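As C-alpha cells, here come the structures.
Okay, so chain A shows up in both of these, paired with chain B first and chain C after.
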Partner chain A sequence: MSIRNILSPFTAWKYLFRDPVTIPDPLNDRPGSPRYRGFHKNDMKKCIGCGTCEAICQNGAIDMVAVEGIDASKEDSGLRPNIDYGRCCWCALCVDVCMTGSLTMSNEYKWVESNPDAFRFTPGVDKKHWDNAALGYHRPDGYQLTGRVREQMPELEPAKRIESFDEIVQGYDVEQAKLEADRCVACGLCIATCPAHMAVPDYIAAVRDGDYERGLKILYDTNPFSQICGRVCTHRCETVCAARHEGDPIAIRWLKRHITEQVPRDRYRAIIGDPAPPTGKSVAIIGAGPAGMTAAYDLARKGHAVTVYEALPHAGGMTRYGIPEYRLPYETIQHEMDLILSMGVTIHYDTRIGSDITMQQLEQDFDAVILAIGLQMGRSTRIPGSEHAGVKKAVDLLRRITEGEHIDAPKSMVVIGGGNVAMDIARSMARLQKQQHGSIDVTLTALEDLNHFLADPDEIKESLEEGVNILDSRGPQQCQVDAEGNLTGLKTWKVLSIFDQQGRFAPSFDETDEQIHPAEMVVEAIGQMSDVNLLGEELTERLEWNRGRIQIDTNGRTSESWLWAAGDCVTGPDVVSAVAAGHQVAKSIDAVINPVEALTHA
Partner chain B sequence: MAYTPDRSQYPQKKADGSLDIDLTSGKYLKLWQGPQHPGITGNMSIELTVCGDEVAEGRTHVGYLHRGFEKLMERRTFIQNFPIVCRICVPEPDFNEYCYAAAVEELAGIEVPERADWIRALILEMGRINSYLMYLGGQAGALGQAVIGQWSTYVRDLMLDRFEELTGARIYHMFIMPGGVRDNLPTGFRTRMEHTLGEIENALRDIHNVMFRNAVFEKRTRGIGVIEKEWLDSYGVTGPCIRAAGVPRDVRKDQPYLVYDQLDFDPVIGKDSDIYTRADVRRRDLLLSVDLIRQILSRMPQDDGPTMATTPNVLHWKIEPGETYVRGECSRGEYGYYLVTDGSGYPRRVNVRGPSYTHAMALFERMVVNCNIADVAALLVSLHTYPPEIER
Partner chain C sequence: MIELYEQLKQRYALGEISVQRFDLVFITVPRENLASLLLYLRDTEGFTHLVLLTAVDWIEDNKFQLTYLINNRESATDLGLRVIIDRDEASMESIHDLWPTAATYQRELKEMFGIDFPGSPRIDEDFILEGWTEIPPYRRDFDTLEYSRDTYLERPGRSTSDPAQHMKQLFYPEDKD
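Moving on to the complex of A and B:
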C-alpha cells in the first residue's frame, strides 16, 4: 500500500467544479437520431394492404383491418395495418419487407396517453403528432428481403422462331421456377383480380415445395384451361402483383405453365379425380371454346349429362382457331380438351346449330342450354375497296391456317389493326412469307400511337424483332386497285385524334400526310362479332339484347329461362374471363336444374 | 495484506466428501442474497449458508428471468428470430445478433459483403465497451464506491448515442441481420465516435485514479476471489476471467472471425487471478476496444458499398439440414450459438452458450465457499454475470 493509493482517490473532488452532464429537458431537447426506429408512419397513397407486414411480424403486433373511406379495389385489399404497441418491439422488419415502401418509421419516441386502447392504432389513418416527421427509419436503398427481379424466360431467338410455327416460349426449368416462386409474398391480390379467382399463392407455394401434383390439383379446381392459360392468359394477376411496386411482378402465368409441364400427362386424370355420380339432368352447350368447355367440365363433374355442339372439326374455340401455334401448340389444346371430354362430356363436331339442329329442339331435349358461340366473324373497315377479294379478315385467315389449308402468302401485305389479333396474323403471315419466299414484307398500320396499342407490349416487341414493319397513327382510307382489278396497296392518312370530345369513336386525319403502302393483300384485324343467325328469327325476337349482345343477368342467364350465355359473345374477347363465365353459368344451371344437390354443396 | 480465510475449518465434510452442515446445530445461518438485493447481478439469487461471517455453502438460483428464448425460436422463421436474440443479453445484445446471423449464414451458404463484416466488428467492440463500463460501475458499487458508476454511465450514454445514430436504437440494436447489416455508417459518424472515444479515455483515467489506485479497493480485492489454475479448464472459464489468470485465451485471436485477423492487438492478460486483476484486465481490455474501434474506422473500406447480401425471400426461407457452432469473444468470455436446421423454415434447435452459465452457476458455487460474506457481492460481480444468458 503506497501513499499514492491513499491520496489518488481524492482526485474525484475535481468533479465538484464541473457542469452536470445531464440534459435538463430531455423531452424537448433530445430528438431521436435520423434513423431512429420510432413510431410508425404509413403512406396511404402507397399502401396496397398486401399484409406482408402482418405476415413477417414476429410479435403478432400487426392486424390488417378494414378502414372507413378506403375501399377494396383490384390493386388494393382495402385493409391497412393496425399496430399494437403493447406487442411491437420496433424491430422494423415490417418496414424492411413492405412491398411498396409505404410503411416507415419516424424518429419520435414520446407519446403520452391516458387511454391504453389508444396504443392500438392504424398509422396513416389515425392522425398522430409524428405523421409529418421528416426523420426516422426508412429501409435503406439496395437491400431487400424479397426478390425483386424476375427470372428470365428462355425463348427462341427471333431469327430462329420466324423459320417455323414452333413455340417461342420454352418454359422455366425447375431451378428457375423455384427462384421465381420464392419471390411471392402470398398477398392474394392476384386471387381477387383473376376472373376465375385461381388460388395463385397456393399453387406458387406448390412450385416452391416441388409438389407439382398438389399444384395441378389446385389449378384444375378453378381452371380446366390451365395449360392454355399458362401460355396465353392476359394475366391481369400480374398487373396487381404486390411485387410490381418495387420490382418485377411474379411471372404467375409462367409458373402455372411450369406446373402443367412438370406433371406427366397420364397423371392428370387421376389427380383431378372422377366426376360425381349421374344426376339424370342434361345440358346442351353450343360452342366448344373456353366458356363452353369450362361449363361442360363443371357440369359433368357434378354428374350432369353434357352434350357439346361444335361447328368446327376441333374443340378449343378461339384458343385453337385464333391463337397461332407458336404461342399455343395445338397438341396442348388437344390434351386439355381430351381431359375435359374424359369427364363424360359428349361432343358433336362439325354440327351447326340452326341448320343441323334447331334451338327449339335443344330447348325440348335438354334441361338447360348454354350459348357460348364466341366472336367468330371479323369486322370490316368498310373503306372503299375493302370488298376486293384480296382484302381478308384476320380471324378467317387464322382459322384457315389452323385447319392446315395452304395459303399463298403474298410477297407484300398490310395489316389494319393494333390489337393482339393483328399481331397474330402479321406474325403468322410473316412466317408463311419466310417459308414461301424467303423474305418478309408485312406492314402493320393502326390508328393508335405505339404507346396506346391494344396489343400486349410483348407482342409488339416480338413482332418488331421478327421484322414486322409497324406504322402507328395511320388511318386506312382506301384499298388501292389497279386497272386490271389487282389489289396494289393501302392508302392511309395520319391520325390526329381517335375520339371526339365526348369520348366517342370519331377519328380525325391529316389529309396532307398521305401514304400508299404497296401490298398484294390487305388484312383487316379491327375486331370481331358474334354470328347469331343460329338463334332463328323467333328466338332473336324473344330475347332481350344489350348493344348487339345478348342481355344476361349476373348469373349468365338470358331472358329465356332455359338459356344461358357465356364467354366472348357476351363479355368480349378474353380466355380467362370466358373460363370464369363458364364457371358462373355452370353454377347457376346446377342450382336451377338440381336445386337440392346445389344446396348441399353450397 | 490480503485476506486469507482459514480454509481448513470450513466447510466440514463427511467421509464421502459431501458437506456436513447441520442447520439445527445453531452454528449456521441460511441467508438469501437476491433476487432483490443491491449485491446481486440482475435477476438471480444466491442461497448462502453462513457460519459466522464465512460462507460454508452457496447455491445459485436462476429462473427469475426465464423467457424460453431457445424454444420460442423453434417456432419462428429464420428472419423472425433476429429481433428476439438480442434480448438474451441486455447489456451486450450484439453478440447474439452476430452469432445467430453468422450461424444462419453459414448453414444457408450466404456470403456477407466485406463492409458488413467491418461494421459488425465495429458494433461488437462498441458493445464490449458498453458492457465493461457497466461492469466497472457494478464492481466498484459492490464495494460501496458509487461514484464510478455515475462516471461510467455518463460515457456509456455517449456510446449509446453512437449506437442510436448507427443502428436506430439505443439498447436492442437489431442491426446485424442474417445477410449483413442494415446500413452504412451515417455521415460524420467517425468524428463523433472519436469524440466519444476521447471522453471514454478521460473517464477511464479518472476511474483508474479513483478506483484502481485506491488503497481500500485494493485491500478488498487483492488476493480475494482467486480462480485456481486447475479450475480454469474444468469449469470452462473463458474471457477476462481466464486472461486474468495469465492464459492469453481470446477467440478474437485464437480463431479470428469477422475482420479481427486484419487488426493489430494482443490479448490483455494478468497474473494474480483475483478480483483486482480481473477488474484491471477488463479496464485494459476496454482501452484495447477503444484502440480497435479506431483501427476499424481507419481501415474499413471508405466507399458506400452494399452491406447486405441477397437472401432468399425471408417469408419462406428454408435451410437445408445442417448444424454449426459459431463463437465470438464477448466481454465476459466465449459466446456461442449452436444451430441445427432440418430443411424446414424454422430452426430445429438453437442453443445459446453464454459465459455466465459456467461462471455464475458452477464456478461461483465453488469459489464462494470460505469467502467472507462481505465479499460475496464483489466476487459475483467480478465474474461478470448477466443472468438472462444463463436462462435463455
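Moving on to the complex of A and C:
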C-alpha cells in the first residue's frame, strides 16, 4: 500500500467550506424547471372546445365536459377538457396539438391530496394556484403538429381568364387534396354552421383515405348539390374552422369539389343508389332551383312521385341563370340536375305556373305543393333616370347571358351594388367588353366601404384583378341623360353613413363630394325579390304574409295545409341554405303525406 | 468530419451522409460493415465512447433503423452510424464485445422494439416491462390508447361529449341522424 492511497481520502476535506450543491428542503423548495410539464392551464378566452386534446391523448385521460357559464356558439362547442391525472402521463401531446394555443402546462407538479377525485378537474374552470404560473411547458414557437398553410388552388391568371367564360378554379390534384385533408383535425365544429349540416370530417377523412366513392356517398346523403356547392358555396363552415386560429382554415369547399371530380360521372348513380319503392303519393314543385330540386331529390328517394315545373328551359335556378359560367360551368349543373331527375323526377320546362297551369289545379292534382320560386326580379334604386332603357337589372342581364342571347356590351358602364351579384355582372360584362371591344371599362359603385362589402373577399379581389374599377362609399343619385335622350353616366355622392342610430337603412351623403361616372349603361345590382303573381289573387289573399314574404312555420309549411315554401323566396339568397330548406320541406311533407312510413323510419 | 467520411469511403461501402452540425454527422452503413467500422473508429479514429444505441420504426417501409451514436472526446465530435434492418426478421449482430454497455441498450431494444441481438448478455430477461405480453410498445402498430383503456380502470363518474354531437343537440336537435 502506497502513501498516496492512505492520504487521498483526506483530499475530500477541501470541500468542507464550499456551498453545498444539494437543496436544503427538497420536499418543499424544489420548483419544476422552467419548461417542466406540470399541471395543465387552459385559457378560457382562447379554448374553443374542439376536443383535439381528447382525440390525441394516448392515455384516455381527457373528457370534454359542458361547463356552467360557458355557452356554446357556432365557433365554440362550449365543452372544455377535463383531465384525469390518474391517467395523464404528462407527455404534452395535448399542448402540442391544441388548435388555439389555449392549453399549456405550468411547472407545478407537487400536490398532496387524500381524495383521488380531486385529481380530476377542468383546467381554467376549476381554479388552481398555478393558473397564472409564468413558467412551464408551452408549445415552442413555430412547432406545430398540423400544417397551417392551405394548399394553393391552381387558378387561371387574370389576363387569361378575362378573355373567356372558362372556369377560373382548376381544382386540387390528388396529392394536394391529401395534404389539405391531412390538416383537418376532424373536430366537427363546422357541422353546426353548415345549413345542410354536411358530415364534413367524414368526407375529408375519405379524401385522406383516397376512398372517393365513400366520400361521394357521404356528400349526397346531405347535399344533392354537392358538385355545385363544391364550387360556389358561401362556405361558412370555413369561418368556424378550428384551424383558422393559428393558420388558414381547411379548404372544405375545395375538398368537396375534389371528391366530386375524382369519381367518374357514370358511377354517381350507382353509388347513391336507387330510390325507395313508389308510395303512390305525389308532390308538385314549382321552380327547379336548389330548394326545389333538393326537395325533389329527397321526396323521390322516398318513393313519392315528384313533378317539377320550371318556367325557364333548364333546371338549376339561380345557380344556372345567376352564377356566371367562369365560376360554375353549365355542364356541371346539368350533370347534377340529370342525377336528381334520374331518381324518377318528372320535370316540365318552359312551364309557368299561373299562366300555363294554375295553383288551384296543382292543389287538386297533388298531395302537396312546394313553392320554390327564388328571387328572380331585380330591385331598382328608383333614382331619377333609373327608368331609362339603358338602365338594366343585373339578374336580367345574367339570365340573358346564360340563355346565350347576344348582348351588345357598352364601351363603358357602371354597376350599382357591392354584393356577389354586382361582382358577377361586372365581371361578366368585362368579359363581353374584352371580347367585343378589346378593352374593359366597368366601374362598380357601392354604398358600403370596401371592408364592409357584402360580396365574398375572393370576388372583390378577382374583380380588381380583372380590371373592374371599384369605388366604395358612393351613393347613386341620378342616371345622367343628355339632350338626345342618351344615357351618359351616373351621379354619386360620398356616403357618410348607411344606417341611422336605430339601425334602419337611411344613408346620408356628403353632397359636396359629387362624382359623375361616364357610362353608356348602368346596371342595378342592389337585391332581388320574388315574383309572386303566379299565386293568383285568391290564394294571395288566403295566405299569411310576413313583411312581403310568404309566412312559413319552422318546417317550411305555409298557412295553407297543402302548400310549403322553401329557398330564396322565403329565406334569402344562398345556395346551401336553399338546399337545407329543401331537405326541411321534404321531411315535413313526407311526414304529412306518408305518416306511417315516416314514423317507422324515425 | 467530411474528410473522415471520404477516408472511410475508400475502405468501406457507405450509404448517404447527413451533416446535422459541424460536430454531428450521421452515416448510413450496410449492416455487415458495422462491427468492423465501429472497431476501426474506436481504435484508430478516437471514437472511444458509445453514447447511445436506439431505433426508429419505419413501419411504412417495413424497416427498423438502428442508430449507433459514438463520441470522440478529443475532438468533441459525435458520429452516428445508421443501419437499416428488416422489420419482419428484426435481428442484429450484438456489439457487446466492443462496448459492454451496449448489452443494456440491446436489452432495451429487444423489449421495446422486439429487435433481437443473439448472444448479447441477458438479452431475453425482462428489462423494465415485467410480464409484458403485448407486442413491443415502441413498435408503431402498438395502440397505446387501446392498451391504456384495456389495462387501467376508468375512474367512476367520467363521461365525455363529442363536440359535433353536443352542438347538434344544442343547435339543431330536430334533424334525424
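Everything that follows uses one rule, which is that the second predicted complex is superposed on the first by the 575 of 602 C-alpha atoms of A that agree within 3 Å, B and C clash if a C-alpha of one lies under 4 Å from a C-alpha of the other, contacts with A are read in each partner's own complex, and residues count from 1 in each chain.
Quick note on the criterion: a contact is a pair of C-beta atoms (placed from the backbone, for glycine too) under 8 Å apart; a residue touches a chain by one contact, two chains touch by 3 or more.
Everything numeric in this text was worked out from a predicted model, so none of it was measured.
Student: Which holds for A:50: it touches chain B only (first), chain C only (second), both, or neither?
Tutor: second
Student: With both complexes overlaid on chain A, does A:78 touch chain B (first), chain C (second), both or neither?
Tutor: The second partner, chain C, only.
Student: Touching A:4, do we find chain B (first), chain C (second), both, or neither?
Tutor: After superposition on chain A, A:4 lies in contact with chain B alone.
Student: Of the partners chain B and chain C, which touch A:519 in the superposed model: first, second, both, neither?
Tutor: The answer is neither, since A:519 touches no partner chain.
Student: Applying the touch criterion given at the start, work out whether A:187 contacts chain B, chain C, both or neither, answering first, second, both or neither.
Tutor: After superposing on A, A:187 lies in contact with chain C but is clear of chain B.
Student: Could you figure out whether chain B or chain C reaches more residues of chain A?
Tutor: Touching more of chain A: B.
Student: Does the superposition put A:93 against chain B (first), chain C (second), both, or neither?
Tutor: first
Student: I'd like to know which partner A:120 touches here: chain B for first, chain C for second, both or neither.
Tutor: In the superposed model, A:120 contacts chain C only, not chain B.
Student: For A:58, is the partner it touches chain B (first), chain C (second), both, or none of the two (neither)?
Tutor: Both partners, chain B and chain C.
Student: For chain A, which residues lie in the overlap of the chain B contacts and the chain C contacts?
Tutor: On chain A, the overlap between the chain B and chain C contacts is residues 58.
Student: Show me the residue ranges of chain C that touch chain A in the complex, using the header's touch definition.
Tutor: Touch residues, chain C against chain A: 144-145, 148-149, 152, 154-155, 157-164, 166-168, 170-172, 175-176.
Student: Show me the residue ranges of chain A that touch chain C in the complex, using the header's touch definition.
Tutor: 49-51, 54, 57-60, 62-66, 72, 74, 77-79, 84, 86-87, 116-117, 120, 187-189, 191-192, 197, 201, 587, 602
Student: What residues on chain A touch chain B, complex-wise?
Tutor: 1, 4-6, 8-9, 11-12, 15, 21, 32-37, 52, 55-56, 58, 89-93, 96-97, 137, 140, 142-147, 182-186, 205, 208
Student: Give every residue of chain B touching chain A within the complex, in rising order.
Tutor: For chain B paired with chain A, touching residues are 76-77, 79-84, 147, 154, 161, 164-165, 167-169, 172, 174, 179-180, 182-184, 186, 206, 209-211, 213-216, 218-219, 306-308, 310-316.
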